[in-house]
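Below are two complexes that have chain A in common, paired first with chain B and then with chain C.
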Partner chain A sequence: MNALTTHNLSAGYQANKVLQNISLALPQSQATAIIGPNGAGKSTLLKGLMNLLPQVSGEVSFFGEPLKKQYHNIAYVPQREEVDWDFPICVLDVVLMGRHGQLKFWQRPSKHDHQLALQSLDKVGMQAFAQRQISQLSGGQQQRVFIARALAQQAKLYLMDEPFAGVDIATEKAIVALFKQLKSNQQTLVCVHHDLNTLKDYFDWVIMINGGLVAYGPIQEVLTLDNLNKTYDGRLPILQNLGLVNSEGSN
Partner chain B sequence: MYEFWIFITASLIATSCALVGSLLILRRMSMLGDAISHSVLLGIVLVFILFGQTNVIWLLSGAVLVGLLTAWLSEWIHQKAAVPADASLGLVFTWLFALAIILIAVYADHVHLDHDHVLFGEMAFIPFNTLHAFDINWGPKAFWLSLGVLLINLVVIGFAFERFKLSSFHPLLATTLGISAAFWHYMLMSLVSITAVASFDAVGSILVVALLVIPASTAYLFANSLAKMLLYSVLFAQAAVLIGLGLAAWIDSALSASMGVAAGLLLLISLLIKRLQQARHTAHIASKL
Partner chain C sequence: MLAFWQDANLAWVLTGTLLLGISAAVVGGFAVLRQRALIGDVLAHAALPGIMVAFILFESKAPGLVLISALISSLLAYYLISWITRVSKIKNDAAMAIVLSLFFSIGMMALSYIQTLETPNKSGLDRLLFGQAAAITQHDVIWLSWVAIISLCFIAVVFHKLRLMSFDPQYAQTLGLNLKAYELSFALVLVLTIVIGLQIVGVVLMAAALLIPITIARFWSQSLKSLLVIAAMMSVISASISTQISLMIPHMPTGPWIVLILGLLFGLSWLIAPRIQGLRHV
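Moving on, here comes the complex of A and B:
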């Protein structure tokens, strides 16, 4: 069964939608990157999948079921800038929020929830910061806390909006190690990604979008010069630096 | 007993305001509190004109409906008419408030709701309007209303504490967990509406905003969790009530205004303390280097 299937998904903030007619199917246990130029609708695609936008049409299913039945299996990690980092709350409480979907509204997180939260923090190397205020964290640490929050949810599919944006090298390495671990546990990852240089190292599949869907599939098959040109409208100054492009272009 | 009733009623109202005010501030929505505290007047007036009711349950229901309408309509106009969010909020609540004033003048001139009373409240009259049942004088109606509203606030916020925390911190995240951020938003707006009604008689629709915003802002300076923010804001609100009553007695001024001034002074002092703390902290770190 596919982790994610969409049929004619269109999404945006206004009636004139940024993202048009995306139909795709992603298998389980793969790490998929969403690439495309600024304004191509990469974040919009993730938000559209989670029905977070005022205008969403088309069909989306997760593990063969609609979103409503699969909330617990999907963890969404927003862009760092979308979070109010001045909110009076400590790291552990943020991570515990990953458990809230499983709690009734009158319930408090249990001991088991606390253990899961601490384990999740440990996986991203942030356990020592559990009682720290989130306002006192660096950018990379903030990102790791939010990923720990997603881990605490114990989901099967992780949707991350630019997890590597503006993070330090230590954090990037920690996240990459975590990706490997998640994949070996048969979990599925879909990330908005910017750095084409690391694309092949971090991911197995790629979704190339520019308003509409240009191509998607295993990186070796679809990351061709032709598709990259279509995705970036031929404006990709760093194409020359990518060894992969030359080799595939000459194929 | 006269002073006691005033003090206890003001204290109950200030506690309710501090609780819902804290949540409003964390959601960056304190002006929505301002708006609702004005527009609920329309709910009270409509319930009176349409159904001839002055019963407290009716008043609260009418207020909640118009409070929710205010929140929903301002958002709707903002989205559909592309009017900036602050402008659409400003136009909705002033219009509803103006409509209420007109309706009072036309249909309900004989009621005790006069304009000054609505805007500024009159705490000194609280003890005179008492509740009589079974031949017993149960004390001022305003006291019972404030107590009831505070209990509702405590029960709702207490039970759904984690939901309010999550949906205030990150509404989008709540949605991705399958929790309706909109539901908890409108739940909070309902609490704001009933709090505004309870505050109406006592402090009026202008100074209720001071009670909603100032103690919560003061608490925001020091709190490191939502629970502490709620606790501190209630404590600051109580201090403002006590100092305000003292101030009013001393210079013979309006009670509600004195409470507002006291709350503001507390905020200023807190800011100074916070600054000193930070300066000392910086010096401490510098001395270690």
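Moving on, here comes the complex of A and C:
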């Protein structure tokens, strides 16, 4: 069964939607990157999947069921900039938020929930920071806390909005190691990604969008110069390192 | 010098200001953390037309009627703001300013109209503008107590969910939580607190009672639970002092003194807290 299927998904903030008619199907246990130029609708795609925007139309299903029945299987990691990092709360309490989908409105996190939260912090190398105020964290540490919060959900599918944006090398390495671990546990990843140079190393599949869907599939099959040109309107980022220019250029 | 315990009536006044101070500090604290600092101000102003229209219709100022009519008109304003921001490009702050002045004008018009009526018990309605703590009776305090208990219990029970929604509402939605239900119940508790505050500090100063305590507390603590406790303590201090002052000096209004003392506490904390924290770090 596919982890994620969409049919004619359109989404945006106003009636004139940024993202138009996305139909795709992603298998389980793969790491997929969403790439495209600025304003192409990469974050909008993730938010559209989670029904977080005022205007969403089309069909989305997770593991063969609609979102309403699958909340517990999906963990969303927003961009760091979307919250107030001066909010008075410690790291552990942020990670514990990941458990609240399973808790009724009057319920407090249990011992088991605390254990899961600490384990999740450990997986991103942040256990020593559990009692630290979030206002004291660096950008990379903030990102790791957000990922730990998603891990605490114990989901099957992780949707991450630019997890590598503005993080230090230590954090990038920690996240990449985590990706490998998640995949080996049969978990599925979908990330908005900017760096075409690391695309092949970190991901297996790619979704190329530019308002609409340009192509999607395994990286070896769809990451062609032709598709990249369509995605970036000919304004290609530096491609030397991708090993595509020579092979495609000779055609 | 006269002290409050020498007079039963004054004891009610003090109890009233204390109860209001505590619940306003805690409920208002959450509003500030949700970066909705001004929503309290809007809801307070928006309560006015409801109360006035209810008086015109029923010729009564019974606390229950005041509560329900204020609730309806404040919630109407609350949803009008979210509707305006949803269907137009008008930002939240502009929408709040529009709704605040619109509702307040209607309230003032109704109040002027009521002044021309022959109805005997119309006096006291204008008190809602600036509040009059000295007029608090035992009857009012019973209402106040209920509202304070309800508000504080609500905050205590759903504390974790409210904190989650204040910090990252979008993420809360991805967990499958019913954001709208929590929003509505929080708005209800906020309006309840505001309505009872109207009698004491009035429409105009209500925002201060909601906002200043938590901003003082932010000088002193980083954890949300202790922030709320400190905010409540600040309210208690200002309520006690201001009640005593308005008692000692004739014609001194309690409401403005509550706000003034909160302002002084704010200034003091601003000066002192960084030094004390500086000492701790050495």
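General observations
The rule we apply is simple: the second predicted complex is superposed on the first by the 241 of 251 C-alpha atoms of A that agree within 3 Å, B and C clash if a C-alpha of one lies under 4 Å from a C-alpha of the other, contacts with A are read in each partner's own complex, and residues count from 1 in each chain.
As a convention for this text, a residue touches a chain if its C-beta (ideal position, glycine included) is under 8 Å from a C-beta of that chain, and two chains touch if they have at least 3 such contacts.
Please read these numbers as outputs of a predicted model, since none were measured by experiment.
On the superposed chain A, the positions of chain B and chain C overlap enough to count as a clash. Shared-chain residue A:G139: touches no atom of chain B or chain C.
In the superposition on chain A, contact is made by A:Y71 with both chain B and chain C. Legend: residue contacts after superposition of the two complexes on their common chain; A:P109 is shown touching both chain B and chain C. Shared-chain residue A:V83: touches chain B and chain C both.
Under the contact criterion defined above, the residues of chain A that touch both chain B in one complex and chain C in the other are 50-52, 54, 68, 71-72, 74-76, 78, 82-84, 87-90, 93-94, 97-98, 100-101, 103, 105-106, 108-109, 133, 153.
Across the complex, chain C is touched by residues 47, 50-52, 54, 68, 71-72, 74-76, 78, 82-84, 87-90, 93-94, 97-98, 100-101, 103, 105-106, 108-109, 133, 135, 149, 153 of chain A.
Residue ranges of chain B in contact with chain A, taken from their complex: 26, 79, 159-163, 165-166, 168-170, 172-179, 220, 223-226, 228-229. Touching chain B in their complex are the following residues of chain A: 50-52, 54, 68, 71-72, 74-76, 78, 82-84, 87-90, 93-94, 97-98, 100-101, 103, 105-109, 133, 153. Contact residues of chain C toward chain A in the complex are 33, 35, 86, 157-158, 160-161, 163-164, 166-168, 170-177, 182, 218, 221-224, 227.
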